[in-house]
Amino acid sequence: MKKGDKILMVLVLGWIAVLVLLPLSGIVREVWSNGLSSLAELLRQPTALRAFMLTFWLTLGSVAVNTIFGTMLSFILVRHSFRGKIFLEGIIDLPFAVSPVIAGFMFIILFGPRGWIGSWFDAQNIKIIYAFPGMLLATLFVTFPFVVREVVPVLREYGIDQEEAAMTLGASRWQTFWKVTLPSIKWGMIYGITLTIARAIGEFGAVIVVSGGIINKTQTATLLIHHKFMDFDFTGACAAAMVLAAVSFIILIAMQYIFSKRKV
Amino acid sequence: MGISIQNVSKRFGDFIAVDGVSFEVQTGELVALLGPSGCGKSTLLRVIAGLETPDAGAVIFNGVNMNAMSARQRRVGFVFQHYALFKHMTAEQNIAFALNVQKRGKKEIAERVGHLIDLVKMRGYAGHYPSQLSGGQRQRVALARALAAEPAMLLLDEPFSALDLKVRESLVGWLRNMHDKLNVTSIFVTHDQNEAMEISDKIIVINKGRVEQIGAARDVYEEPSNKFVASFIGNINIIDAHLEGEAIFVHGTQAKLHRPAGYDAPSGDIVLLVRPEDIGLQHVAEGPHAIPAVVTGIRYKGSVTEVDLQLTDFSLTALEFSKYIWTVGEKVFVNFKKYNVFAVGDSHHAIRRQLEQLGYIE
Amino acid sequence: MKKGDKILMVLVLGWIAVLVLLPLSGIVREVWSNGLSSLAELLRQPTALRAFMLTFWLTLGSVAVNTIFGTMLSFILVRHSFRGKIFLEGIIDLPFAVSPVIAGFMFIILFGPRGWIGSWFDAQNIKIIYAFPGMLLATLFVTFPFVVREVVPVLREYGIDQEEAAMTLGASRWQTFWKVTLPSIKWGMIYGITLTIARAIGEFGAVIVVSGGIINKTQTATLLIHHKFMDFDFTGACAAAMVLAAVSFIILIAMQYIFSKRKV
Amino acid sequence: MGISIQNVSKRFGDFIAVDGVSFEVQTGELVALLGPSGCGKSTLLRVIAGLETPDAGAVIFNGVNMNAMSARQRRVGFVFQHYALFKHMTAEQNIAFALNVQKRGKKEIAERVGHLIDLVKMRGYAGHYPSQLSGGQRQRVALARALAAEPAMLLLDEPFSALDLKVRESLVGWLRNMHDKLNVTSIFVTHDQNEAMEISDKIIVINKGRVEQIGAARDVYEEPSNKFVASFIGNINIIDAHLEGEAIFVHGTQAKLHRPAGYDAPSGDIVLLVRPEDIGLQHVAEGPHAIPAVVTGIRYKGSVTEVDLQLTDFSLTALEFSKYIWTVGEKVFVNFKKYNVFAVGDSHHAIRRQLEQLGYIE
């Protein structure tokens, strides 16, 4: 490496260290200094366990819905051309442009008890806002683009040669999809799913607005952390943050590892 | 299986890819669809396979109209230009795909796949993924995969165009041998006239979506039906001349040639098309019609030598099989051992222009 | 289009409508129904203007720092191979895996008055947390991956042929970078910058934790919206949300438009 | 500008790309570096250009050692295999790049660019972006760009390998003409022996990072210095034989040939290398050493015809220039008009194996 490259490298590493590595090590250190007892204690609180379970279900729901519809949308965008396609492509990134808080308010305005659609549901005694359905909608909104954005380029590069080959070899549409198409785009899907999981687990702004943060009912893990912090329960907040961050890290690192090992 | 293509047309938007093409392929024949890039030959092959739907015309296999049949139902073997191997499967799994899809017995599949791997000489590479194989090996796997379900017909879309020269030469010979062994009706698409001539029983020359000529390699080379075929297949000298009764006067020379048998157009301006190997060179004039010329360039090509000649008004290229005879600057005498005659017309210029656009003529 | 494809299309459009289009239209409708007077009124409040200005400076800072360092990191990742490269690649996505709230706490733990590094700054009377520097750090953290993730694939596809050609043609390293490399990767950079802007404008979770939300001092536009909403000033909140969303939309749509028009 | 390459080596990790290569190029020569894929020829060219640093050896231009000079300082014109045109610049802007970088006057730049555009026949395409040009046009723009700053040397890295056959043929002839006009010292890399033979004053055959032979096209084709060169350049028949004193006995036949002049190895097993065009075919045996054979295949190639022959123990391919003579199944007599002799050794098998791996021999 030349001298100029070395200076560049040091600068970049410094930037990464200050922004990412140091802060992360801070949390680990905090939990460590309190011993692992704070972790154990946290996991004995029913409120905390419920919060983690709620986050789990929200994440699962987001992954299921957005993976299926996101993959379908990717196929439509790559394989068909139709009027309004550019409009559809433009919409994919919109959730990135909308602040999570604003997203939360959008859903309250629309689905709240006095909202456009919400008033109808309210009349049927179905609660959307300050309840699970609203929180799921908000999480779906913020995680909307990930699968589409990862699957579209993979699908575009992959082309249709292999599918045509499968067809001439006598495979049905269904066999072609499961045996040829899906294995070819699975890495894009997995990556999109991983990002969806990470975002769903960590979502705060949209959820705090939509949920109302009712303890034991609509409190997710991130809301729990915020709540504990506001109550000056630093140790508890750090322990919960550790758990949450660890889950996300493990998923992300596992995926990176699988990626580096894959053959195809 | 015999194939009959009847008046097939296909357009994409404003672009007419295939324009009323008809031809027949007999059972067991190996036929080449030959033409420049973008002439519609690949589209035609895809129409036959059922990968494209024709706008008009019929594709008939053994007397049965296939128009309503999907690619899956037609059961043809198709070999793609860029292999289209399943990247997540090994060579073996690729070859077994068609059999697995048909839910054949495990033992039968293993036997047939083993047989095919031997046929394409890939023993030892069965467990390799496509990314671990060379281009030639990939195309052999693709061929084995296409043959796995014992299709009655094999369609190959520029199967060798992505390969190096020497690999291509060896695979072309190998494909011909394999065809002779299996005797499956085959159509292959190519833009390489050498490949087409070397391998096929019959060549169908296509240009701008239309059939220009159908015939054996020797027919299209020696008796081209028009100037496009003459220029596209092999090298050719195009010489301006004038036909008057039975005599042909070559512009800018004293040469007088005979009207060829079978050419019965009226007198007028014509062009002579002469193959480089049909130009005879002598040290001394043989007869009164030998044309004097000067050697301006010699290109040694191993088994043959190309000689560039400058005449008074135009230049020629001759192909010599004997070595060491000519030197640059030498004066020689030229005669035409064989020539084709075509009337001058707009189409002559149009074809020349088209070939220029394709970059074939500077 | 076949019948199966049509059903698929309808399903996907429904999903997009419920998740994205309807909620957005809700906000627009709300502001409209109050007349544009609420917008005018909002823009007359000095507090609101200050909040928008703060968001502007945070966004500008994030774009400047993350574009420069992100591009440098992309070059290091694509052009060099060295020990620890896989580790560095793994780190890029980490901010996606960390909840913004947790990110906020990380910076408080590290840079807070009693924190590891913060106590030193505190002794020098430099405030980081509950002040602009901390908010910038938090915004930098959450927008860290965008430029890198967009520039790396472009740079990889672009290769080094053109740079080598420029060198053999007598261009210096500097000329090669400005005249050949930069124009080739600029679309990746612009896209990364757009996403960075959108995220920086919309960030809520990390900023609310780090800022303390002091009105007129550390209140960003998203915090302002949240504050107004909590105070039941729905009209004001919607007007502010409209302004913010409109800015993000315009940037995103403008970029989509430029992309569709580019020649190269 | 004269170039001297002295004992240059370059390795990448464990792979030795260039292994002690030395050669000279005279001012104004057009030289081909010819070898199979992965033989190190491109690396060598990049070392000459200064794009790679050699591990050992010296690159000398006109007597000046260039090792410490960067690519920028060497001022050679380099043409890349995949054109490497600046995609965000028009053809004109690409060509003007080197002049702009040198901050030449506007008028001078406009004049020089105009001249180059005419030279490469791209008038009318000056304002086109690379994506709007065909492969052949792109490579012509790349050539003009490389020539813009009037380099003393032109290096071309497989400049035509990404092009179609007919386009390639026309560009090869065009490049030769251009070289004759400009007379700039040029080295070009190719894996296509036809291209190398047709275009170059001198061919440097490279295999596995080493120089196998240096000579004019005729030398390497007719007097190959080893079996690799003989097999790689042109087609060849490899025949097992035995040398005893002055006589050569061809295995499995009654033929007795003479030891060639200049071959002074002791008696023992040898191989005969015979070019297809050096195999003579007769209807009746000429002399006692004509070998009987049966025609097993005929491949019509337009100007020439390849004839496959089966002898008692082995098969041969002959190249015939006269048409219509032979038919499949016919009995003929073979004699060898010209042959090269090499001792049998491990290297014979090693080279055969290498060519097989490359896919050249089935």
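Here are a few things to note about the model shown:
To keep things simple, chains are lettered A, B, C and D as they appear, and every chain counts its residues starting from 1.
Rule of thumb we're sticking to: a contact is a pair of C-beta atoms (placed from the backbone, for glycine too) under 8 Å apart; a residue touches a chain by one contact, two chains touch by 3 or more.
In this text, all values refer to a predicted model and were calculated from it rather than measured experimentally.
Common neighbours of subunit A and subunit B (chains touching each): not present.
Mean C-alpha positions place subunit B and subunit C at a centre distance of 56 Å.
For the pair subunit A and subunit C, the distance between mean C-alpha positions equals 17 Å.
Contact topology of the protein chains: cyclic, one closed ring where each chain has exactly two touching partners.
In the complex of the two chains, the subunit D residues touching subunit C come out as 49-51, 70-72, 74-78, 80, 82, 84-88, 97-98, 101-102, 129, 131, 145-146, 148-149.
The touching residues of subunit D, when paired with subunit B in their complex, are 36-37, 121, 134, 136-137, 164-167, 170-171, 173-174, 191-194, 197-198, 217-218, 221, 232-235, 275-277, 299-304, 306, 319, 321, 323, 358-362. Taken in their complex, subunit A has these residues touching subunit C: 1, 5, 8-9, 11-12, 15-16, 18-24, 26-27, 29-30, 65, 69, 72-73, 75-76, 80, 82, 86, 88-91, 93-103, 105-107, 109-110, 115-117, 137, 140-141, 144, 195, 198-199, 201-205, 208-209, 222, 225-226, 229, 237-238, 241, 244-245, 248-249, 251-253, 256, 260. By the touch criterion stated above, subunit A contacts subunit B in their complex at residues 161-162, 164-172, 175, 179-180, 183-184, 263-264.
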